[in-house]
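Shared between the two complexes below is chain A, which has chain B as its partner in the first and chain C in the second.
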Partner chain A sequence: MNPEFIRTLHDLLPQIQGFIYPNEIEIHWGLLIVVYPYITGVVAGAFILASLVKVFNVREVQPLYRLSLLTALAYLLVAPMALVAHLGHPERFYEILLTPQTSSAMAMFGFVYAWYLMAVLLLEIWFVHRTDMIAWAEQEKGVMRFIHRTLALYSRDTGDRSVAFDHKALKVITIVGIPSAFLLHGYVGFIFGSIKANPWWSSVLIPIVFLFSAIVSGIALVILLYMVLTPLTGGKISMRCVDKAVDFLFYAVIVDFSLEFVDFIHRVYQSEEEIKILSEMVMSKLFASLVIIQVLLGMLVPLLLISLTKIFKRRFSLNEDLRKMVYFIAVILIQMGIFATRWNVVIGGQMFSKSFRGLTTYKMEFAGIEGLLFAILLLALPIIILAVLTKILPPWKEMHGEGVSEGVEVAGS
Partner chain B sequence: MGKLFEKFPDPLARLIVVFLALLVVGVIVVVVLIPKPMKDVEIQWADAVKREQARPVKYAGFHACADCHDKLYETKKTGYHRDLSCETCHGPAKGHTENPEKVKPVIPAERTFCPQCHAYNPSRPRGFPQINPVAHNPLKACASCHNPHDPKPPTTPKECSACHGEIARMKAVSHHVQLECTTCHDAPQRHKISPRAVKPSKPQTREFCGKCHGKDAKEKLAKNAEEKLAKNAPKIDMAEHGEKYVCWQCHYPHSPEVEQ
Partner chain C sequence: MNGRRTFLRGFLSVLLSGGAIGGILKILPSKADAREAPPKGQIWYGFGVSVDKCIGCARCMDACKTENNVPREPFFFRTWVERYITRKNGTTVVKTIEPNLEPSPEIASDKSILRSFFVPKLCNQCASPPCVQVCPVGATFQTKDGVVLVNEKTCIGCRYCIQACPYGARYLNPVSKTADKCTFCYHRISQGLLPACVEVCPTQARIFGDLNAAASPMSRFLRMNKIHVLKPGLNTEPKVYYANLDGEVR
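Here is the complex of A and B:
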């Protein structure tokens, strides 16, 4: 073997426990691949929340509608950055699109992504804001007027026929959007679930678990943003809206938890040859991130907190601030938990050896393209994009409850 | 054109224009800008196939060997190496089949060859014959004990050196070269089956070494070879020399350093 390579391996030896194959010393999918499913999950979840208003006609969460669409867009714009940066040659990303490989789930990402961005999200946001943009442009001057005019594609038609078409189109797009959102995130789980050689991933439940954790993280994030942004922009948090959204979050967490629990029981009951090394990994290397953060803090505690508000309904209904605080803590814990879920799947799946006899350790870089700093930047970027988007397409009126009745009509039409 | 668009609602008409523009740009990029080999999978495949076909054929396949080496072929067919092709060990033999006199295949004789498969590696399946090439019969070619065309299942080696190679090599250049291991060690039969559970004995008394190295050993009549050796061994006074210790606590018996 190459002496240089042996020296590199030697430095990595302290991270190994038991027997592992030489090519498993380095974990190839690092922090960026953890960030990627987290971000796409938020996109899918936020869109599902938006569809509650349009398709399922849940009037209470109308204030969250525009915010969740913009959140989905902001996160969707950042989603491929983690992947492309991880590949090491970001400047060559377009080659995936030039030589389409329909038999590769990974290569299909470009098409799923393009469909979701162009045919679903951008169209829906455009139809929602078209008449508003025309109205804004009429009152504005300078750059903002130009931006709104251009974004409205120089349309000035606010006649009944056009508005009616907007509403119809919105409904159709949202209905098409739900399977598209499922596809966008389901395919991430599909890739993990298809890797037969890795028993930590190879499960038909993985795409569905991914999907439900996506819905959980998306709803939780939009609630969090709503609770932070509304007071900052001078509005009052509508507890009716938050209560309803938390209700949906609660059910989604229960489904997500049950699915993961079923997956866990199934693995233990099957007890295939990998069970020993997996249980050792869970009890040693992943104990903090899986047992403590994902299950205990990320699921059980928020479930308990939300349950408390339901069990002691009378007491909590009298004290809005207490309820807000409980919800606030719960959604933050859920975010942490879902991030830990992604971490445990991506990193955990690479920590044990295919020899089933050893474990390795993931050592995170700080700087560098695979490092913590870059990951934090990627996680912060959607918030910055969202800030810009809310400047261009302000959702405040709806969030503050003004024009909601109109929105309800829209939803019901 | 304007009239055609009037049929559609205003937002739809505008979106159609945008999408048509995107479509036109996309088609131009795909049709005009991207070179053909880059998008034609068949061309990429054809290139790869051509490249592979252009490579010279080096292997003859194991059926070709059977024509001339029928006995070896028959032996191997039923042995443990039956799933290996002849060329796995002897290398590409296309040249040999074409010109048997001039081109001779390799016969791997060096000790590094067989351990490629048979050196100990915990990832190999249980029961697969594995040895430690450093300790296992050092200095001997593998083929001197094992017939490579029909290797037998592993049996316990008769010689101690098969496992204790380092000690054997050291003893071979020491003053104790002519002594059998069993002169000093009592090795029970079960040691060969469970080498770690049942261990050979070590001399426990000073008198054991004294049989040859004691002052009075000289007086004995040298009847057999061992006693002849004992006669010429360095002598010490067992009563005075290091009386508290067993001899091998100070002298390493496989390479005793004391000169006569």
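Here is the complex of A and C:
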């Protein structure tokens, strides 16, 4: 037995308020499980942003199309790491695929994940880049030429018929992809929402709230990446594109906020037996992360900032830099807010006792597998993967609004 | 066009005839009812707790830790005893009894106390166990005689079952890194012995036996007492039955 772990638990004892069941001192789902829904949320949100171009013909956000697909892939590759690392027996993770319990929401993870990765994201990215990869390979030498040839699966056909097939395939994949993205994050919400033992989680609204917060975080992150990466790669930020994407972000935040507000009002109005301990938890343990960061800084302030650019449209249109700065602050705040949302759901759900008589506390480790350092690494990893992906499948031309890609044609077709 | 119309008409009539509704009903938890009443003659274990008889001596807690090799630290329990003290002003204070701790004598003379009692707790061995439902690998399972067990060899330690248990009955064993909880001392009961906690209880506050055997002490306990279970609203159908349970207890 790990004596250090036992000592940490002893340290927690004096911080317990009221009565909790004796097995509840340890918070079982820690920082890694906060990171997990955050990361899958970004995947779902980024994909939905990409599908705005393909399915809904929103041409203004075309520069974000490839970037959002690559972002979704980079984050999706990291998502299972958070889950597997937190298991008591990570070496047995494959059992979840070999002998899954069909009644378990968590058992579906591997299948939903594999479906989304293989049947949606990878296929879409392949079809989007196929002709480009052939073209790149022709101009390149050495390793890059080999990589692009191999990734294109040695296809060389750039004739009209095969390009037309690419377009058709893309459309089908995106149409299948939207419900799949909903499924991916809806099911993560369901993992929590279906736990009837825990009134903080147990709500039919939870999967839907998860979904909309996913859309919010994905769109905000891609906008942020676009605003940072475009100047770095020598391009000019297209304000038409950012304006439009921020519009969608604005609506998504409003829907997300309304859903969470309805959930809150509903709980307070029903006022079931757990309401006392939950309000005590919100007012003491979660006040900073829920009231200040999630609601005030993560939602209301960005909503206000974006609203200001809409209300004083003329002044903000004249001053593009000011508008850029406002958007930049807004998307960073939203990102913080969504991470806080995940924290409040996951950690908050374990802070009160199921006896409804007391509160326990969460002490974050620094080092160690459940610690802050590893979580930061997991959050940084997708950015590193994205950097590698952009080397292999550069989205710059599209981001700079130069290259004509399949996206435009399909959007127009 | 006509073909399509006929198809639609047929489809709608099937939908309205109730065939589809019957199909949907299949996913509803009808299994639980079947489990609730196993055929006579089949063993179906249950546990009784007589709240009025418990004196909070904590021998059961000690016996359980010894019998089942549960870590001695005060964070891991297969069974525990809660002490409730309700004062005349209506406030209730609850604590978990610590083994080897003398009960404080001043409580007896404290006039502000309205009532005080002990409540033994353990895994409720639900007939519809949420922990079995959520286990992603089927490591938590229910035996034919109604006992919920954990397979240490296949549990991946995801702790979903710990989250799903409304009774706080599960913990992660710090040695095996797998989920753990009360098994009704399955290794003992399958040999015809009583669970360790039942055997050591000096006041017979804990009763164990086959719910299907009409003459067992367990059936007698159910017959002679007004019975309550914990958190009945969650429909987990617990098989730990309490006599004289106070409404304060959750």
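Going forward, the second predicted complex is superposed on the first by the 397 of 413 C-alpha atoms of A that agree within 3 Å, B and C clash if a C-alpha of one lies under 4 Å from a C-alpha of the other, contacts with A are read in each partner's own complex, and residues count from 1 in each chain.
Heads up, the rule we're going with is that a residue touches a chain if its C-beta (ideal position, glycine included) is under 8 Å from a C-beta of that chain, and two chains touch if they have at least 3 such contacts.
All values reported here derive from a predicted model rather than from experimental measurement.
Participant: After aligning the two structures on chain A, examine chain B and chain C and state clash or fit.
Facilitator: After superposition on chain A, chain B vs chain C: clash.
Participant: Taking the superposition as given, does A:W29 touch the first partner, chain B, the second, chain C, both, or neither?
Facilitator: Only chain C; A:W29 stays clear of chain B.
Participant: For the three-chain arrangement built by superposition, which of chain B and chain C touches the greater number of chain A residues?
Facilitator: C
Participant: Could you say whether A:R130 touches chain B, chain C, both of them, or neither, answering first, second, both or neither?
Facilitator: first
Participant: Quick one: classify A:D157 as touching chain B (first), chain C (second), both or neither.
Facilitator: First partner only, chain B.
Participant: So, A:F165: does it touch chain B (first), chain C (second), both, or neither?
Facilitator: The answer is first: A:F165 touches chain B but not chain C.
Participant: Have a look at where A:K196 lands relative to chain B and chain C in the superposition and call it first, second, both or neither.
Facilitator: In the superposition, A:K196 touches chain C alone.
Participant: Just checking: does A:L9 make contact with chain B only, chain C only, both, or neither of them? Give me first, second, both or neither.
Facilitator: Second partner only, chain C.
Participant: For A:K141, is the partner it touches chain B (first), chain C (second), both, or none of the two (neither)?
Facilitator: neither
Participant: Figure out whether A:G88 sits in contact with chain B (first) or chain C (second), or with both, or with neither.
Facilitator: So A:G88 only meets chain C here.
Participant: Chain C: which of 127-135, 163-171 or 199-207 bumps into chain B?
Facilitator: 199-207
Participant: Looking at chain A, which of its residues have contacts with both chain B and chain C?
Facilitator: Residues 19, 21, 99, 355, 357, which sit in both footprints.
Participant: Over in the complex, which chain B residues touch chain A? Could you list them?
Facilitator: 9-12, 14-15, 17-18, 30, 34, 38-39, 41, 122-123
Participant: What residues of chain A sit close enough to touch chain B in their complex?
Facilitator: Residues 19, 21, 98-99, 123, 126-127, 130, 153-155, 157, 159, 161-162, 164-166, 169, 355, 357.
Participant: Which stretch or stretches of chain C touch chain A in the complex?
Facilitator: 71, 73-77, 80, 82, 93-96, 121, 130, 132-138, 154-160, 162-172, 174-175, 177-178, 234, 250
Participant: For the complex, which residues does chain A have touching chain C?
Facilitator: 1-2, 5-6, 9, 13, 18-26, 28-29, 86-90, 92-93, 95-96, 99-101, 103-107, 109, 191, 194-198, 349-350, 353-357
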